[in-house]
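Each remark here refers to the structure printed beneath this line.
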Amino acid sequence: MQRIGVFVCWCGSNIAATVDVAAVSEALGHEPGVVFSTNYQYMCSEAGQNIIKNAIRDYQLTGIVVCSCSPRMHEATFRKTAASAGLNSYMVEIANIREQCSWIHKDKAQATEKAIILGRAAIAKVHLNAPLTAGESPVTKRALVIGGGIAGIQTALDIADAGFEVDIVEKQPTIGGKMTQIDKTFPTLDCAACILTPKMVDCAQNDKINIFAYSEVKEVKGFVGNFHVKINKKARYVDATKCTGCGECTEKCPMKKIPNEFNLGLDNRHAIYIPFAQAVPKVATIDPNACNMLKNGKCGLCAKVCSAGAIDYKQKDEIVEREYGAIVVATGYNPIKLDDYDEYAYSLSKDVVSSLEFERITNAAGPTGGTLLRPSDGKHPHTLVFVQCVGSRCSAEGKGKSYCSKICCMYTAKHAMLCREKYPDTEVYVFYIDVRSPGKNYDEFYRRAVEEYGVHYIKGQVGKVVPRSDGKLLVQGSDLLANEQVHIEADMVVLAAAIEPDKSARPLATMLTASMDTNDFFTEAHAKLRPVESPTAGIFLSGACQGPKDIPDTVAQAGAAASKVIGLLAKDKLTCNPCTAHSDEMMCNGCSSCEKVCPYGAISYVDKEFRMPNRTTAIRRVAVVNEAVCQGCGACTVACPSGAMDLKGFSNSQIMAEVDAICKM
Amino acid sequence: MQDVNQFKPKIVAFCCNWCSYAGADLAGTNRLQYPADVKIIRVPCSCRVNPMFILRAFQRGADGVILCGCHPGDCHYTTGNYYARRRMTLLFSMLDYLGIEKQRTRVEWVSAAEGAKFAATMNEFVAAVTQLGPNKRLEDLRCKN
Amino acid sequence: MKKLPVSKIQELFAAIRAQQTLYIPTDDASGQARYLPWQEGMELTHALNTVRSAKDFFFPQTENLVEFKLKGKEIEIIDSRTEQDDFVIFGVRACDARSFTILDKVFLIDPIDTYYKNRREHGTVVTLACTQPEETCFCTTFGIDPADPEGDAACWIAGDSLYLKARTEKGEKLLSALDNLLADADEGEIAAQQKATRDIAQKLPFAKLNLAGFNGENLNKLFDSKKWPELSEACLGCGTCTFVCPTCQCYDIRDFDTGHGVKRFRCWDSCMYSDFTLMAHGNSRNSQVERFRQRFMHKLVYFPANNEGEYGCVGCGRCLAKCPISMNIVKVAKALEGEVQ
Amino acid sequence: MQELMLAKAKELLQNGTVNRVLGWQAGEFVYDITPAVFESEQDLDAGFVYNEFCGNNLSKYLIKESRKEGKVLAFLKPCDTYSFNQLIKEHRIIRENVYVIGVPCEGKTDGETLKSKGVKGILGAKSEGDELIIDTLYGEQRLSKRDALTARCLTCKSKKHVVYDELLGEEGEEVPENHRFEEVEKLEAMTPDERFAFWRGELSRCIRCNACRNVCPACSCEKCVFDNPASGISQKAAADSFEENMFHIIRAFHVAGRCTDCGECSRVCPQNIPLHLLNRKFIKDIDAFYGEYQAGEDTESRAPLTNFTYDDVEPSIVYKGGKK
């Protein structure tokens, strides 16, 4: 029989306002096995924890039940409290009477009754708890960063700086990500390339950092501290160890009408190409869909001109297997496709562009050499209209995103301001729903655009953009403040497209068993307290894969993720989850059902000799669980027909005891 | 006004630790109301839920049992909810075959971000079970007080 | 002896039912013969006997003994017994009638099983003579006359009449209450039928079954027989034979946790089960051959040794018909015959 | 066929291929056949039998037999071979210790079936053409062989063996038009109230003798959850109607995807409960939801409950009347 202590937390008024905490501790005090029951204002506070510690000692408690907030919040706290008073951490159960009781009910009598029942269920469970000891597993002291944008780069640099090895996997031929395509950055207007490329070079030169560019993660197995990852290094058809990045090949390549992704298709590249001058690694890549040699076996010019002899048409994809202790996801974002936005004439007129395209048009390294020219006729535009929230904050089903893309207000202010600064002869209009400019010097920046640069901000939405035969774009919108319809004859329209997670994120999340929200952004372990960790141990989040972010936020989060990784890799051993499956060999049939449903390959079989009745022996095949590998999902426990397989901490009898306590009539 | 004699169903909700339990917490954080008749049991994964537990709940006096897990494809353990899905489909079909009201059992996929869905699901499920009245077909008279 | 026209049997049932609950063997919805409380229009089965024996009336499969109620840390003890009403079982065959005598030897000796006694006292057994025994019948082996069954009262259906004869005080009481329905009859009227039945009984395949050597004296010889492993080889260890058996009387006492306390109940147990007589130290019979042997040794040796030669079998043939692998007491007895000659 | 089998068994015993034979032994009557292991030619001559009354599925005995010294010869009917394969898949039978001889089956009868057709006092039976001539205490009775077939044989799925080392007689054919789900469909078409009444009527007769479980080749657990007090659901007798339901639901669930539909459960039920209708419901659902699957057809495939596809039907399909 356990000696159980019950501790009911008021959580200030969070619980106490709706649940009669005194009545709960009184009622639970009468439950069989309960030898001590009390309530306190903040059980998680030092004073509260001391009440628990003292009770454990004074009443020789063998188990405790804390009726408080969600175990997702403070289970770990109270486990530590118990341990520090000499009670096994796994003799603690939490009754969630805040998130799942006081916060969702208004009727005090009902909430109190429910709290008592939840307390009883926890008591019933703790009666059947047994002390568990966590095993240990070693930590592979290397991190994997998936995505080589500014988020991935910063995370990798910070981890490497602490002395740990890092691999960056980037699916593009170069690292750098979206930031390489950006001209200037708000609110300081310094040049993106100037601040990014040194970091890219740092990565390339850091001997702790290993870049797998033009590569993708194919398979992830294992668990925190011990991930086994297969990386597919896609064939570049260029030997990266020989290529000097001289660019001779790209100049000679006859296939020169390939839309250039880097400039969003606004100009062309060759079949063999280096995305941009500062690419890291600066290695040429052959586009197998465009190269005549690879498609038809005719040409071979690049091989002829390459003095380094780096061209290798026979190169194949290569699978690299690596071990990691931690994985950082930094898969970033993409602007949404605007093909569905015919009301803005995006697919009808070349002069309706997305903000990122506009970014390339104004970039000195872009297709126009930085001169603002209309894509349709290369003429200088005089009237520009910027449309905000294209696909963001959209409630319409099936089109657009419900969330705010966060960065658009600021970069639009930047674009408008730069236009006016460089070309004072232009008129710039911005249609907006709200201007959101929280952030250091952000609002000041936006106000400068309006006040100093004379950008016309119009609160209201654009209803329609109609391309006219004379090349003008007729923009029809509403001005909500003036309460009137607005018609503008524009030369260019720039759409601030919503941003969304990269398409590779979802399959990656499945591989990592990391959770995602409905928008395919990775979910953090706790919205406030664990913002850079995934709920899956050993998986960390960096940058816009977790939610829309600008560069400062991304870099800050990247550093935070790195510090978490460093904290993990600094450990020599990790404590395993002791709530693992185990098989009662006396009941095991050896039928292999459990093995089939185990996602971790944690179950194997041995032939074991058993003593049978009347001094005989028999050899039977029985399941054995590798507790270091088992993650405790419990799939095997249900697959097992004989009930030989059970889960520590969530055993059949414990769950049924909870069921019994809850359903008791 | 609420009728004091109105039937209050007993509902057991098995929630996986990673998605649905967190979704239930989020419903709480957002102060989304659902009836106190629902009591949640935390399990590591929807695949931990043995049909035995569901029958046990009915035996002990539950009027409805709902299982919530991560959306297919989002399981924290990769594949757990796929097995749960098959098991529960077959179990529910069998219960229906035995003439036990199918509206008493349900599976819903609720992510950690879907606090609103969690509350809405519970409201709807409680309403459906309330309409059915007390569980008679899978009760164990010995467990009545 | 009394009689009434068979056509008036429903009136007879109604008259009995007017005073107490009446059970008759009838065909249920699935077409299987079983005892059910008589309701208007319910007819006797044409099957020779019910699938389940009549022992259920006195020794039901499960029965609450006592209850413990838990309130917080307090325990209250409640006697679960309820007052038993009088009842009549009609149409019990001679074999089953004898089984009550055997059960009485278990439950009514000191210490008396008051749960059983209570039911036994309130029940009146009306037997019905057999006319068409099955090939599996061997009641005559145990001195039972299927044409002249025991019971509180016995019946015969011969020609157009149902003949009734009281054998005990309870039987007398029942018949006298039905007097206005009954006419006097002469025992000679059923003699022809009895002779015909006895003639068939003589010709039954097991009419000559010899159990002479099965007694306490040969206990060790029989126990140590080398035949047991072979006989029990195919035994599945199910409880079919024990549960259809009218004389098997073993039970287990178990506690059921209701959530508010404990209901202590007893239920039939089977010596064929692996956890039969399981004790803290383990099990006394660990293999199926030992468990199998226990059942037949008990019926053919231990029971007669302790009960003046009365075997723990009445030859009803249920286990012969129902054993999934067709292993049974007759095959066992025949196989072991050689050991004791 | 019996003679052919006897000769083969003796030959294999003689040449040392096997050291014993698992088959059927004659009883006191024509119908009370008992599975038996024969260790010598004399044993075989004394009791070995194979006829239309040899219905027992012998596969389950091989769990025990295949762990004994030496190789055992097992005569398996087509439906027994499915169970055999399934047990191989579950690592319950050691394949190399069994020599399987497939024997043909034209459908079986048994004493209970004959009695249900009104035959009383069976003393003997012989087959003559399409008829079974039954000698009884009360005269001779004739039944067409089809009428004498046990219920499970009327919906036989296949007369073809799925595994054997050697085959005696001619290999049979699969029976695609077996109509074995008709009874299930009939139940499905009822209202829930009617179904509930039906199953209460059936399951309330259960005496928890465990014959269905113990005869079932899929129920081969070292210790059944219902016998294991630690499982929390152990029962010796159904003390409440709930426990009757519980036992049969869980039992059917535990064998779902593993049950080969051999029909032994219904055959042995002393209370004539149509237990196969529970198993067949699962088989039918599995076929409908996850694609045709026949347990025991092979030894490799993943059982439906240890398998999944990303686009499996949702449990809510049950509310939609089982239609995809």
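For reference, chains read A, B, C and D in written order, and residue numbers begin at 1 within each chain.
Operating definition for what follows: a contact is a pair of C-beta atoms (placed from the backbone, for glycine too) under 8 Å apart; a residue touches a chain by one contact, two chains touch by 3 or more.
Keep in mind it's a predicted model, so treat the numbers as computed, not measured.
Ranked by how close its mean Cα position lies to the mean of all protein Cα atoms, the top chain is B. Chain centres here are Cα averages; for chain B and chain C they lie 47 Å apart.
Taking each chain's centre as the average of its CA atoms, chain A and chain D sit 53 Å apart.
Averaged C-alpha coordinates give centres for chain B and chain D that are 36 Å from one another.
Chain C and chain D have Cα centroids lying 30 Å from one another.
Contact with two or more other chains is made by residues 51-52, 56, 60-61, 73, 79, 83, 87, 142-143, 145 of chain B. Shown for chain D are the residues that touch two or more other chains, namely 225, 232, 239, 305-307. In chain A, 597, 639, 652, 656, 660, 663-665 are the positions where the chain touches two or more neighbouring chains simultaneously. Taken as a graph of touching chains, this assembly is fully connected, with contact between every pair of chains. Per the touch definition, chain C reaches chain A in the complex via residues 70, 72-73, 257, 259-260, 283, 286-287. Those residues of chain D whose C-beta lies close enough to touch chain A in the complex are 67, 90-92, 220-225, 228, 230-232, 254-255, 258, 302-303, 305-307. Looking at the complex, you find that chain B touches chain C at residues 60-61, 142-143, 145.
Residue ranges on chain A touching chain B, taken from their complex, read 70-72, 96, 98-101, 103-107, 110-111, 113-114, 117-118, 121, 506, 509-510, 513, 515-518, 523, 535-536, 579, 597, 599, 631-635, 637-639, 647, 650, 652, 655-656, 658-660, 662-665.
Across the complex, chain A meets chain C through its residues 30-32, 613-614, 660-661, 663-665.
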